[in-house]
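You will see two complexes here that share chain A, one where it goes with chain B and one where it goes with chain C.
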Partner chain A sequence: VWVCRCHCRVLLSRTAGRLRARRGLATGPETHFGFQTVTEEERREKIYRVFESVAKKYDVMNDSMTLGIHRVWKDILMHKMNPSPGTLLLDVAGGTGDIAFRFINYVCSVRERQLQRKLKHHQNLSWQEIFESYQKDKFNSLGDSQVVVCDINREMLKVGKQKAQHLGYCEGLSWVLGNAEELPFDNDKFDVYTIAFGIRNVTRIDLALQEAYRVLKPGGRFLCLEFSHVSNPLLSRLYDLYSFQVIPVLGEVIAGDWKSYQYLVESIRRFPPQEELKAMIEDAGFFKVDYENLNFGVVAIHSGFKL
Partner chain B sequence: VRCQHSPPLRALQASAVLRRASDEHKKEPLTSSSQQHFDSPPAGHQPEEEPQGPHSSYTGQGGQESEDYESEEQLQHRILTAALEFVPEHGWTAEAIAEGAKTLGLSVAAAGMFHSDGSELILHFVSECNTKLSKLLEKEQKLVQLGEAEKKPIDEFLRHAVEARLRMLIPYIEKWPQALSVLLLPRNIPSSLNLLTSMIDDIWHYAGDQSTDFNWYTRRAVLTGIYNTTELVMMQDSSPDFEDTWRFLENRVADAMTMSNTASQVQSTGEAVVQGLMGAAVTVSNAETSRAVR
Partner chain C sequence: EEEGEEEEEWHQLYPGHIPTSPLQKALLAAGSAVMALYDPYRHDMVAVLGETTGCLALPNLRDKMKNHPEGYHILQERPRIRLSTLDMARLQGLPDGSLGREYVRFLEDNKVSPDTRMPPKFVDDEELAYVIQRYREVHDLMHTLLGMPANMLGEVVVKWFEAVQTGLPMCVLGAAFGPVRLSTRKLQVLATELVPWAIRSGLNASCVLNVYYEQRWEQPVESLREELGIFPPP
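Moving on, here comes the complex of A and B:
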């Protein structure tokens, strides 16, 4: 029944698009919003409104939809990144700050281990030297690492900032309002660029990839964590069933917002599969582009280097 | 949806590191050319030319190879070489690789290209040492051929080669045990074994065919044993300039030589015994027949 509904909606929206064109209304380049066809401008607006309305319940919904597995996915992303202290991270579409907080935790623990090793080396320092080294390192628990969280949506950033305060993250974090297709940063600034579950919502993915290339330092790394395509047919059917039957219902029950979560699952279906995204990343100029499937392709991590 | 961006946009990006070779991914020669690094020598970009320069890595399609582009592998080699200088401090780790990348002007994130346990760094180092050893032995062989040096007897040659190779470990000796354990990981065993055997083969090749009555496999196994045990002794050696290690090496090589002599002795004794037995058998059978005849 639900599948029928989706198809109907597709038919309707297609005719609507054609009607619009015939009436000579402002069309602009056409793109998709879930299974609907809209103009690019309309798409940006609709997506903005989606995230505006889900912002407060975003984390809760993530946990319930993915049964908490999204935390594991994000941890795996962080391990793959393996940042060393002194890394400058740009987290785009980072909204509520999940990646940023994990980055800070990771870098802090690496830094602690570094300091311990340094201490073990210097076994015969004078008391004065030990005191000075403690002073120096105490105020540098992050080792000069920094993360900039950039998001196009004010509401998501607000939620993120509140979370940071609540969890006690103050150092090394900045929050910037910006569009992934046109980042407000200079060239060659960042060591790592991540976009976790955000690139799906970008209207012009190629522009976002070009911007990513631009703001990364030479040698910098691009990492993208995103829902992708499940190739196994049995799993794919189960996954579709879960996506279209369970998730919008959860959305209505928990967040009171059916449509936004309907958009979510539709946008996942419309997003390019692993190989295609890999080709797009290579087109933007990245090298050593590779992807890793998590959970049989439900989620994939794409990685590329600016060389 | 795959988009072709206009080349002029990309021409503005000067890739600070990779002088990129056109490869299978890039369909337009123009796109790859505009991505090149403009510091390179004026030989510059020749999209349609075929000449394979000394630096070119592999041919793209249609001869779109340019002479002075480097490949990702070459860049990775450069990073690993630069990382070696940080190994005494950081060990064979991704941190050392990150520091190495920094010295080349790259971001520390470039270390993400390699495995986080430093396997590639260690394998790169071993391979470089083996190359150095080959060059050294080749040079010495040339000197011998030109008559400027005397040919060493086999045991001295082996000692010299193994010592030269082990001395290359001295700057990294503190962290070498860690490297050995990484080389023994199942994932790395094929490569590390390969490197080891090719080095041993190299040494025997330059030792010439001073026959020691061993067959080829035995020779390989003997020298591998000598090399490995000496390496382990070196890890624990605290004598000045590793004298104990070199003395151990001397003894092991002497053992190997004695063993070869013993083996040949055993062989000739064996032959003599067999001949004796055959002779006895013939004599006995003759005695039987003659008795029978009588």
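Moving on, here comes the complex of A and C:
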């Protein structure tokens, strides 16, 4: 019954959309907000308010909804990226900093291994020379790597900055308020562009992809981690059951916010499936576009290169 | 065009209503119970617990109201107790010992406001949603009638009274688990004096939701207590 209800909502909201237009209410290009039909401007506003509302409980909710598995997904993304020290990363919709912090940890540990190997080879240098080279490298634990966290929502950035302070991240990290559809950066600037669980909330995905292409250096890599579609019918039904029955309840109990989490599960269903997203990324000019399903398609990592 | 409006609301029976499946209600009831115990400042969880478990008690209350002339009146007119509807100045000017004066005194002393009551979300009947709203808004008047402050101890006593009066599972749970966070000395007072009195009064008194409080601000609290059948507080 509840599955029917969800589909009914889609049908009814489409009719409502047309009726709104007839009544001369706020018109403009129409799009979706979960299962509702709204104008693009309304959608941007509604999404802003959703994230304003969930910001403080964002991390707690992620852990509860995915039973901590989201951490593994993000780790896998970082391993796929395999950044070397000196990489300049742009993390869009990076909000509370999960990807940024992982990036810093990763390049730090790669850098440490680099330094250790270097030291091992310094067998025939004088103590003075070893000491000097060690001093130089010691203060460059990131190896000149940098990550810029860009998010459209002030509250999410606020939470991110507080987390960074709390966890002790300061070097190589900067926070920028910006819109994925219109990035405040020059062309050909970044080595890697990531967007983790953010592209779903962008109103014009095509514009975001174009911007991603623009700000990447030639040879740069685009990586997108996002909820996707489960094709296995049995798993899909279980996933739907969990999404629609449990997640809004978790939202109400933990964050006191049913509606934002209802939006979350609906927006996942509305998002283009793997192949469609792949085509959109190719349309933006990326090459070697590919995707990897995690957990049977609950989540997918799409990757592309600017050549 | 009206059809369009209804369709847009989709099963929404009143503003703020969130339709839920039986499974969701069960999960909400369990989750809100745990959360309310874990974090007593989550008043919204207590509210959700009340709504999701009240499916038997609420119709019962509504029927009690329907069968009583004053209660019926309330169901028809649907009065709301809010700062915007109350004439605070007038109530403050009433003589000491009157319902209005003592109610305002309670609000001021305990620094509470009637506007902080949660509106119902998960009740799937519009009239029952009003009943639970009325119960919430009348809660502060219960404090006034029982002479209990808005601290943990006072709240527990009022919950015992409400549990007996309304039969709402949320009140029963609150009454049973509320004392968990009290000191032994307070627990003693609670067990020996306050709770027995609250239970006796609750059983003896007629339904407190059947009183049109807004028309009785001038009535002395003691007289209202007698009328209802609430024994004098210890």
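Descriptive notes on the structure:
One rule holds for everything that comes next: the second predicted complex is superposed on the first by the 296 of 307 C-alpha atoms of A that agree within 3 Å, B and C clash if a C-alpha of one lies under 4 Å from a C-alpha of the other, contacts with A are read in each partner's own complex, and residues count from 1 in each chain.
Just so we're on the same page, a residue touches a chain if its C-beta (ideal position, glycine included) is under 8 Å from a C-beta of that chain, and two chains touch if they have at least 3 such contacts.
Since we're looking at a predicted model, the values are computed, not measured.
Contacts of A:V192 after superposition: chain B is touched, whereas chain C is not reached. In the superposed model, B is the one of chain B and chain C that contacts more residues of chain A.
By the touch criterion defined above, A:T87 reaches chain B but does not reach chain C. By the document's definition of touching, of the two partners only chain C reaches A:E252; chain B does not.
Judged by the touch definition given at the top, the superposed model places A:Y213 against chain B, while chain C stays out of reach.
Contacts of A:Q128 after superposition on the shared chain: neither chain B nor chain C is touched. Using the contact criterion defined above for the overlaid structures, shared-chain residue A:K288 touches chain B, although it does not reach chain C.
Contacts of chain A with chain B, set against its contacts with chain C after fitting on chain A, share not one residue. Residues of chain C touching chain A in their complex: 1, 4, 7-8, 10-11, 18-19, 21, 23-24, 27-28, 31-32, 34-35, 42, 44-45, 48, 121. Remark: chain B residues 1-5, 9-10, 13, 15-18, 20, 25, 35, 72, 75, 94-95, 98, 101, 104-113, 116 touch chain A in the complex. Interface of chain A with chain B (complex): residues 80-84, 86-87, 114, 188, 191-192, 205-206, 210, 213-214, 216-221, 272, 276, 279-280, 282-285, 287-288, 303, 305-307. Residues 1-2, 5, 8-9, 12-13, 15-16, 19-20, 23, 245-246, 248-250, 252-254, 256, 258-259 of chain A are the ones touching chain C in the complex.
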